[in-house]
Structure formats: structure tokens, C-alpha cells
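Scroll down for the structure; my scribbles are underneath it.
Which chain is which? They are A, B, C and D, in the order written, and residues in each are numbered from 1.
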Amino acid sequence: MKTLNIAMIGYRFMGKAHSFAFGNTPFFFDRDINPVKKVICGRNEPMVRDAAGQFGWEAYETDWRKVVNRPDIDIVDIATPPVNHCEIALAAIANGKHVFCEKPLAMNADEARRMLDAAERAGIVHMLGHNYRRVPAIAHAHDLIAQGAIGEVRQFRATYLQDWLVDPDHPMDWHLDAAVAGSGPHSDLNAHVIDLARWLVGEITAVVGLKETFISQRPMEQLDAQPIMMDVTVDDASLFLARFAGGAIGSFEATRMAGGRKNALRFEINGSRGSIAFDLERMNELLFWSLDEPLALQGFRTILVTEKVHPYLANWWPAGLTLGYENAIVNEFADYFQCISQGKPCTPNFHDGWRISRVLDAVSRSWDSGHWESCDD
Amino acid sequence: MKTLNIAMIGYRFMGKAHSFAFGNTPFFFDRDINPVKKVICGRNEPMVRDAAGQFGWEAYETDWRKVVNRPDIDIVDIATPPVNHCEIALAAIANGKHVFCEKPLAMNADEARRMLDAAERAGIVHMLGHNYRRVPAIAHAHDLIAQGAIGEVRQFRATYLQDWLVDPDHPMDWHLDAAVAGSGPHSDLNAHVIDLARWLVGEITAVVGLKETFISQRPMEQLDAQPIMMDVTVDDASLFLARFAGGAIGSFEATRMAGGRKNALRFEINGSRGSIAFDLERMNELLFWSLDEPLALQGFRTILVTEKVHPYLANWWPAGLTLGYENAIVNEFADYFQCISQGKPCTPNFHDGWRISRVLDAVSRSWDSGHWESCDD
Amino acid sequence: MKTLNIAMIGYRFMGKAHSFAFGNTPFFFDRDINPVKKVICGRNEPMVRDAAGQFGWEAYETDWRKVVNRPDIDIVDIATPPVNHCEIALAAIANGKHVFCEKPLAMNADEARRMLDAAERAGIVHMLGHNYRRVPAIAHAHDLIAQGAIGEVRQFRATYLQDWLVDPDHPMDWHLDAAVAGSGPHSDLNAHVIDLARWLVGEITAVVGLKETFISQRPMEQLDAQPIMMDVTVDDASLFLARFAGGAIGSFEATRMAGGRKNALRFEINGSRGSIAFDLERMNELLFWSLDEPLALQGFRTILVTEKVHPYLANWWPAGLTLGYENAIVNEFADYFQCISQGKPCTPNFHDGWRISRVLDAVSRSWDSGHWESCDD
Amino acid sequence: MKTLNIAMIGYRFMGKAHSFAFGNTPFFFDRDINPVKKVICGRNEPMVRDAAGQFGWEAYETDWRKVVNRPDIDIVDIATPPVNHCEIALAAIANGKHVFCEKPLAMNADEARRMLDAAERAGIVHMLGHNYRRVPAIAHAHDLIAQGAIGEVRQFRATYLQDWLVDPDHPMDWHLDAAVAGSGPHSDLNAHVIDLARWLVGEITAVVGLKETFISQRPMEQLDAQPIMMDVTVDDASLFLARFAGGAIGSFEATRMAGGRKNALRFEINGSRGSIAFDLERMNELLFWSLDEPLALQGFRTILVTEKVHPYLANWWPAGLTLGYENAIVNEFADYFQCISQGKPCTPNFHDGWRISRVLDAVSRSWDSGHWESCDD
């Protein structure tokens, strides 16, 4: 039995999701690895106390600095807004902790690079929270592409559509403040899609994009009758075109303004022998089309990715029973704990985060320059 | 903090699913109710020992009789094959335990009635494992119908399609042995659908059905090269027509021979003002059509049932994040524990199980008689 | 160039659809067969005159008896309500005309048998208007089954769902009058489905069913403020279970009360090696699942049936361009004219109509008897 | 009865589709307008002769110059490759003919402008073959947007996916020769999408794009064993980002390399109050989502656009019966003939074609410049 003591910085949505995973990896995966929810950390004392109780943490703390150097902690899990990632990660690494960091890794590629360099120098096991790699249907897509099922990849098209900002009365929050979040769906959602694009297709070399903010002010959430309007300083939507190192081309869109789409991370990949398509709102399904069929029988097939032969599924339920959002996060931490336990690197990691940040930064530069930007600059 | 000590009889699929739920209701629901996995019971000692370890039980046992009368146990959870339900439940009830029983409740309506009578006399809180009532989309359907959104219900049509027996090499197992399982998809799957039909539409008064076994012998799973063929003594498919007390009509089909359908519990309900449709393979979606719209805009809408305003969702994830199979079981036990904690009856319960058994028995009688059978005989 | 002079009895929906087909078979199919729209016949003189003008008929007539014995007529096309089919067909056959008859063939199996016997004695080419056999996707399904793509058929399930009677204000019309229509969706819609079931699976041997009329009176369509209520004398919904000669089982449902479903003729066929599914509202798509695939890749594929290799498609548009309702009727008459031109029998024909009527009659008998009825009685 | 004598230049795919429409507009629409298929023209004499016979033309011709000045001709319909559009149109206009021209209007905006100027000076009725505006579901989308059903438009995203070039053995043809076709999917498919975008959203002001040719040589179709390889001189895929005059943003993609997608013109439009989505492969369906619904009931509804209240449908079939590809072309010419008959301008016309060409040209310029290009330059 190997015990892994965890400190988590952050306690809201990702705090809940990670806490759930920590409590359940031994149940579904290796029961000889025992993650212990030692301490959860947040600035709002009543709220973090409540979270600690609800999510089963041994203790809570309001100052992350007190947490990252606790000698009994093995892993620091950073689930704060992006602005804090770099500082916390560097401190944790300096204390020799393994670090799991939520996406986007950093506010920009420079920060990401510093985090990567520190992590590699320290020899810790670092991982980046692109949980969608562990959605079984996406992992299955990866396997199929790796096996050559669609031939040479030519086109990648993806949209990540949400709609929580369509309502103009949706209040201001930190996600809409560039100083805290870095950017809007550009980094929040496109980071996920770029991660998948790199994993499934390869490196992105050049990009050109546009962004737009449709609602420039939003009310502060408060008790008063008279709302105070705050400036939205991030994008509501961010689109870009891309070229990949291997010759493929791609399109990316992330938006919080697509009414009716809740979490529609959709991608389609066309290769020389086949195609693959996916929609996160139907996360148990993978569409696959192959040129290597009789013409009269060709068609996209909807694979219900719930068989024991599909990635991760042997650890879950009998065939036909579908998984939900949090299961991918259990898969993610099961893999991470395994890597730590075996002293092996894990992916996606800070190197991936740095590469993703370079793409994001290149898109941002293109907003100002109006032309294609290299991701290697 | 209220502690509920649980003994579970059975350790395989339902054993795993229930164990998961016991470990997670405090996380997602009321943290002041603490279900404790005291003892898990099964006849195969190495396997139940392993299950106890993997699923986090304090102890294991191989004789259910030693379990149902342990004084420290509050709840006996019966997750065995149907043939054992009645005897175990009666013993547990006799010891004053609350009893949760997997579906189908019993081998027939007589057994079910005895279980119901015993449970009511003892005043224990009994519940029946028709977990699909706690799928949020189905609960939402129930709310909509109750609110009159589709008017007066006229037609109910449902199919529960699986395909694990299409392959003739699929080995014999207890599900295919009438002495242990009672029947095939007839009681295994149609029980679920009848439960939903009664909940959503009302009592079923008369039925006529047919059944078929397409593959009458299957190999025993064994190591020898020469397989021993065993007789399949249950149905592979069971269909029936029904009349409801309120005037509605219905059709039901359960099969394990529908190639490509894995867990396709599908129903559609047509009323005088609207319609509702559902497919368990897309369990986060509910289709709804209303006559009370301008004709040019009428169409089935696909509601992604993941909003805080939808049943159970406030306890889970932000809008757009979908749930999986096991989440409904967490919902189910959260409700059960709440009922026990408050001393209130819970549904579906043994009374529902008895009514469902009467419908199943009436269908079985119609197999022999060839004509409509009343469910009240 | 072979000329075929046509007389059509009926001028409304089917009158329009057939007129369209007559005008377009040379364009899409054999231009050496020239169908001539000689005379269209209906009892309402202003309306039939208008139809003749709009649909391009050389003449119109109000008495069908004057039409069926015109010496210049080669084909009599019967598109009247069912009550008139038998009398008109017998008269046309007596005059040596080829007869095309809309479905259902007759009011009952006795009438159908007389029509069949007369047609066979006269040696004319008879055809029955089950146009859906000529929907390319359904014809493709037939080819696949014939080639063994799904193995031995075990289960057939079909629903034909419409909703034009959900609105209680929908006025009375002849479709709701048993004396004219015979029955409701029972014969209007189930006739189509039985035709497909026989074609795709085989003969039906025994059935048991139920019917229901949810709204028993409807207003007569008139100008007065005070509507006169008329009795609905046909079923609103008709469901039955069936056994096929080859051992397969089936379920059938036809309804005009399924709110939101407009013309949803849906069927699924499960065999020992695969499955096929179809929905007429998406008539260019055929779903196909095969057991003969690696498990990790199995899934229903959506075949867009628009390739040159698909049935009838070589005569239409380039791949990817979808067909509509009327195209199947062009296919149907192109085949019929070809059969006449070559002096060959055509299917489906009056023999099929008779067999279908026997199934419909057996279902009707089961309404009264409450038990299974043989289709061979 | 008004007679319109038509000369058509071109006889293959569009030749067939237009010929069909000419033969059927009186049947479905105004029977007092009689389009006469006078003469069809093509360079290959055996083929055009055969087309004339199959499609019902009175005569054929091999030199378009002999056709455009025939005094009996009212309308010249140009269905040739793009390289010939301008010259033929100018000649036809010079002879006072009404001109219908297939898309794309011209090889570039300069040609388009000359065609527009000539047409306007001559006062003829000109129309451009963007038939998809007359797909009822798209026309319905237009009506809904015009009525404010989705509020202010913010985002437009469209893909037009085909796959006929995935197979490397697909032979060279004129579509792949820049000298004849102008470009590949860039002008062939994106022209359609730009037309819809302008109609549904408004003018496009600036663009940046990329193109790619994945297979640079293809075999000439010939009888020899040894194929001659020819250079592909057009794009296989063309993508661009766009800004609209009204503040909306958009993404466009056209490709012939999306394996499994046959004619997938898909678009989604997100506004401040609702969203609309469409897929040409399911051309009878329109998806609509509205913010003005109770949250618990929100969802994209699938409107089956076949009701009498939907655009064009009153002229077709009863509700529930779906239309196919060619029906939109019948709608298109019915409108065109009506405009000619009434002496009114028709849309889309050469002005639209010129605006579309300016967008296409701006995208082309961005390929070289690597930056955003104004569509007004």
C-alpha cells in the first residue's frame, strides 16, 4: 500500500471534481495506491471549511504558502485561477512536491516555460489537467489514429461551444477578468482543444485568429438593487486557423455565446483513409468512417464506447452503461498516481502546457498583427 | 451525524455499483448521513474477499444468515439472483432490518406479496432497486407529466434492447437459468420498464404477450476444449401489449438479441398536448414536443438535462457536464438514506415490486393461454 | 417508343403524386416508354377539372364507369378511398386493363381475393401502391438482408407514427369513417408496414392486437359557427404482435396520435449477424450494424443512401444529394411500366395485397376474440 | 398562359437538374407560366443530343453563339464551367435575353461586375443559381431571423464538407483545373455558403483564410493501362474567418476531403436570443433554440419543415413528407419565372454574385498576403 498525501489549492468546481477523484481511484483502479485528502486550501475561510467537510478533507487552510511546504505532503494540486498557477507551482516544486496543475497551465508561454524548467530540474512528476484525454471515446480515437485507421491526417476541425454568457444578466466573475483569467474561452476552452489537437494530430506551427467580446459590461453579483457594471476584459469568442507540422490544416473555435450548446467540445478529423468525429455532450460515442469498406456500406458508425476492449472501460461497468463527466477525472488521477508510484513521467504535462501556451500566445499576437503568426517565435 | 451500517448480499455488478454509491452519497448529498460498508457477503470466498478489499468493506462473509441478524446492521441490501430475494428479505425483515432489494423483487407475485406484507408489518423502510427512476432525465419526464406538460397520456411505447446474447458462443450463466433468474429479459428488463410505465402513466390492467428463445443451448464456460452444452431455460425476448387503468395503451419489448443495442431502454409517451421520449444510451437527454407552440416552430426539442433546475443536478456538476450510469444509483441511495433517516416510506418499494410482479405474471400466463390476461387476477 | 395511356380514378393527394410520377418516369428512367395522362376522374366536377389542368391531364371525367372501358386506355390507376377499390378494379380488369391500385388493396381479404383472382384470370399486370418498397434505403435494406448481411432474421419491430389527429379540432373526414376507409391507421398505415415486413422478413402466421379510438367524435368541416359532431368509426391507433413463418417475432404499431411524429415509419430488424434500422422521416439514411466487425469498432453506421451503387440512385443525382417523398413513386411507376412493357409480373401486386389483408383481418378478429389469431384462417 | 422559351448552355449535372425544374414548375406552381425547353447546347455532339432526348428538349446545338441570339429565346440559362459564364452572359444580355447563371457567377469580381453592369443596363431579369436559398428549411431560417426569433446575430459558423476527392484514384476533371473552374471548393462550395451568410446575417467586410491541396496530381480518365498524371491546380480545402458589417463574426470551411461527408453544408447561427442550425444532408430539418423558454425546457428542437405554413411547402405534399434535392431547384425557377412574368427583380442575382466574388477574391488575396483583407478593396 502506497500512500500519497495531497494538498489541493482551490475548492470550487475543480476542487470538487478532484476531491471526488481522490476518493475513488482506489475503488476503480489500483487499490494499493491510497491518495489521502490531507489539506484543502482557499482564501475564503467559511467556504473552504465547508468544502473540506463536504469533500472529506482532513484539514483546511487559507494560505497556500503554509501548505506547499508541509513535509507530509506528496502532491500539490493547483486548482486556482490561472494567475496563481506559476507562483504556487514554483513554490511547490521548490519544496520537491509533485505538482498537478489545472489548465491553462499559465498566463503565457514564459510562465509556462519557467514552470516546466523548474519541474524538470526538480525531477518531480508533473501533470496538466487536460482531463478530456481520458474520456474513453477520445482515448479510443487516439488509439485508432495511432493504428492508422484513418490514414494520414489532413484536416482537423473543432469547436468548443458553451452558452453561459448569452444572458446579458449573467454576472461578472473572475473568468471575465483578464488580470485573473488571462483570457476568456481563448485559453479556458481552446487550451483543451489545442491539447487534443496536438495529441491526435501533432504540433501546430502557425495560426491566425480573431476574437470578439459581444457584451462589454456585466453586473457585479451583489445584494443591492442597483447593480454596479463591471468591464469584461476577456474575449467571449476566439477562433483561429492553423497549420500543423505534418501538413494538416485545422480550424478552432471557442465561445461562451453559442446559445443552446452547453459543453459542446466537438471535433472531426479527416484522414486519407477515414474520419473520426466526437461531441463531448455525447461523450460515450465516437463516430468513425472508413474508406476501406464497400461503397454501398460506407457510413459514419456510432461506436458506443463502453466495451471492455475500449480504453479505461475494463475498470468501470458492463458494456452499454455510459460514463459521465467525473469518470474521466478518475481515469486521469489513476494514471497520475500510477506514474508517481512508478517514478515515470506522465502526459499531458508542463511540456505540453508550454507548447499549448505558445499556440495561444501566437493566436493572441495575430489579433494585433492581423496576420499569421508562427508558434515557434 | 447519523451512521447507517450496511450489509450487502452480493458482490458482483450490483455489488460494485451499490458499494460505489455507499461511498459517495455523503460527498454529493447529505454529509450528515454516514453509510458504513460493514460487511459484504457472497458464497465464493476468494471472490468476495477480493470484492471487500476493492470496494472498501470492513468485513466479508460467506453465509448470508450470519449477516442478516448481526445486531450492528441497520440495512440489508440484497443484490443476489432473484431466487434468493424472498428468503433473505424475510429473514432480514424478521430481524428488523431496513431492506433494499434489487429488481426484480421476487420470482413471482406471491413471493413479492409475502415480502411486502412482512415489510409493512415490521415497519421497516423498504426500497426496490429500480434505479432508472433517479436518472435525472426520467425524473424530469415525471415532473413534466405531473405538471400536465403533455396533457392526458394516451400512448406509451417502450423497448429495452440489449445484444449480449446475439453471439451464440456467449456462455451459459445464471441469468439464463429459469430456476435462478425466474425468467430472461421478461423480468430482468421489463421489470424496469413496467416500473417506469406505472410511475409515469399509471397502473397496467391487462396484457397479452409473446416470448421467444432463439438459441436454446449455450456452452458452459470452462477450461476444457470440449464445451458442455447447457439448456437455456429463459426467454431471449419478451414483448407485450398493455392497457392502463386511465385509458392509455402501451407496448413493451425486452430483448437481449437486438444486435448493436447495448442498453437501449427507450420509451415514448404521447399525450393529448405533447410527447416525451427518452433513450438510456443517451441518458442525459430528454426529448419533448408540445402542441402548445406555433405550428411553424413545433419539433421535438432535445433537452440536455444538466441544469441546476433539473432533478438531482444541483448536487452534481455545472450545466453541460453529463452524468453516467452510477450517478443514478448515488441519487437512489441518497434518497433511501434520507427516508430512513426521517422514518418515511420510500419509492419504488415492495408494494411497487408486487404490482410489477403481477404484471409480469399476467404476461407469463398469456404465453400459455394465448389471450389477454388481467393483472388483477 | 411505347405509349401507355392512363386513366386515373382519384385526384387528390395520391392523384397528385401519381400524376407527377407519370410526367417524370421518361426523364429519369426509360424514355422509350411514354405514359400519357389521358383522363383523370373524380366525383367533384370543379375540383377534378382543376386537378386535370394543374396536373396536365388531357381530359377529366366524373363517372369512373365511363373511364374503365374506354378502348384507348391501357392502365387504370385506382387512387380512391378503399371502399371503391374492388368494384373499380373488377370493372377495369373485365375490360382488360392493367390495374394499379393504391393501398390498402381492399376492405377485407375476401374482396382482395376476388380482385386477385380476376386479375390473374385476365392476365393483366397488376400492382399495389406500396411505394415505400422503392425508397432506395429500404430497397438497400432488402438487398442486404437477401445477401445475408444480418444473418437469419429474428426480430422485426416497427412503428408508423403520425400525429394529425392529436388536435381534437381536426375535422371529420372520410379517413375516419369505417364505411369508406375500412379502418384507421390499422389498414392505412399498418398495411405499409406489413408489406415491408413480408418483403424483408417473410410471411406472418399469427397475430394478436389491440386498437383504440381516443377521440370518438369530431366536428364536420363546415362554414357554420355551430359545428356538427360526427362519430369517428375507425381506430386512432392499432398495435399487434406477430409471429413469422421463419421463426422471427415482430411488433407493429400504427397511430395518428403520436404528437410530433409526422410520418415516422420506423423499423428495426435484428438478425443473427447484424441489424438494420430505418426511419422514413430520414428516408435517405439506413442504419446498419454488423457482428462481423472488431468489437472495438462495432456501431450502427448511418449509410447515406445516395451512391450510384445504391438501388435506383444511378437514375437520380450525384452522390450526397438526397431524394424526397415523390421520388419513390417515380421509381415505383418506372418499374410498373417496365413490367407492362415486358409483359412481366410486378411486385407488390394483388397477391401481396391479399396476403396483407389476411393479416389485417386476423388482427381485427383478435380485437374481438382477445386471443391470437392465425393469418391462414 | 405565358410562354417562356429557354435555351440552356450545359447539359450534365446542372443541365439535368434545371431541365427537371423546367418540366415541373407548372405542375407545382403557377400553371399559367409555361417554360418551354427549346434548345440545349453543349460542345460534345453525341452527348448533348442524348441529353436533349432524355431531358425533353426540342432541339440541341453545339455552338452557344448560335443559341444566345435566337430571336425566339426568352431566357438563357448558363450551366457551363465558370470560365465561360462571363462571355456567354454578356452575349446573351446583349441580345436582350433574361439570364440565369449557375454559381459561382464568374472567375473573379471584375468579371462579375461587368456581368452585373451589363444586366442592369439592359434591364433584363438576372438570377444566380444559389438554389439552397430555396430549401424550405433555410428559407424558414431566414424568416425566423427576420422576425427576430434569435435576436441580434453574433456568430455564424459553416462547413461545406464533401469527400469525392479522398480517393487518390479519383480522376482529373475540369473542376480541378484552375483555368476552367477558377478554384476548387473555395468558389464551388464557399460561394454557396457566402450567399447564405449574406442572406441570413449580412455583408462580410473582412476575411483571412488558408487553402490546401493534399493531392497534387491525379490520373487522366482514359482507357490506357498507363495513366497520365495531371496537375491539380485548385484547392482541395479552403477555410476562412470573417467579420460581418453588423458586428457578427464567422467561420467558413469548404472541402472535398472530409471522408464520409457527402454534401454536408452545415451552418449554425447564434444570436442574442436564440440559435439556428442546419445540415443539408438532412435538408428537411431545422434546429432552433430559444432563450425565451423556461430553462428546464430549453433545448434545440428539430423542426421537420414540411408543414403548409413553412416556405414553399403549400405547393408540395402533405405534412411529414420530405423533399429532396431537386425540389429546391423547382422552387428556384418557379420564383424566377414569376419575377420575369411580373417584370420584377429576383434574388439572388448578379449583384449578389458580385458581392460574393469580392469576398472570394479577398480570401484569395489573404492566401498570398497572410493577413486580413478587406472585401471592399
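General remarks:
Note that a residue touches a chain if its C-beta (ideal position, glycine included) is under 8 Å from a C-beta of that chain, and two chains touch if they have at least 3 such contacts.
This is a predicted model, so every value here is computed, not measured.
Where touching is counted per the definition, the chains common to chain A and chain D are B, C.
Relative to the C-alpha centre of chain D, the farthest chain centre belongs to B.
Here the spacing of chain A and chain C, counted between their Cα centres, is 54 Å. Averaging C-alpha coordinates per chain places the centre of chain B 41 Å away from that of chain C. Chain A and chain B, compared by their mean Cα positions, are separated by 35 Å.
Residue positions 289, 298-300, 304 of chain D each touch two or more of the other chains.
Residues 140, 286, 288-289, 295-304, 307, 309-310 of chain B are the ones touching chain D in the complex. Chain C meets chain B in the complex at residues 150, 154-155, 157, 159, 163, 166-168, 208-210, 212, 214, 237, 239-241, 243, 247, 249, 251, 253, 255, 257-261, 268, 270-275, 289, 291, 298-300, 369-372. The part of chain B that touches chain A in the complex is made up of residues 13, 16-17, 19-20, 23-24, 26-27, 31, 53-56, 162, 164, 262-263, 281-284, 304, 306, 317-327.
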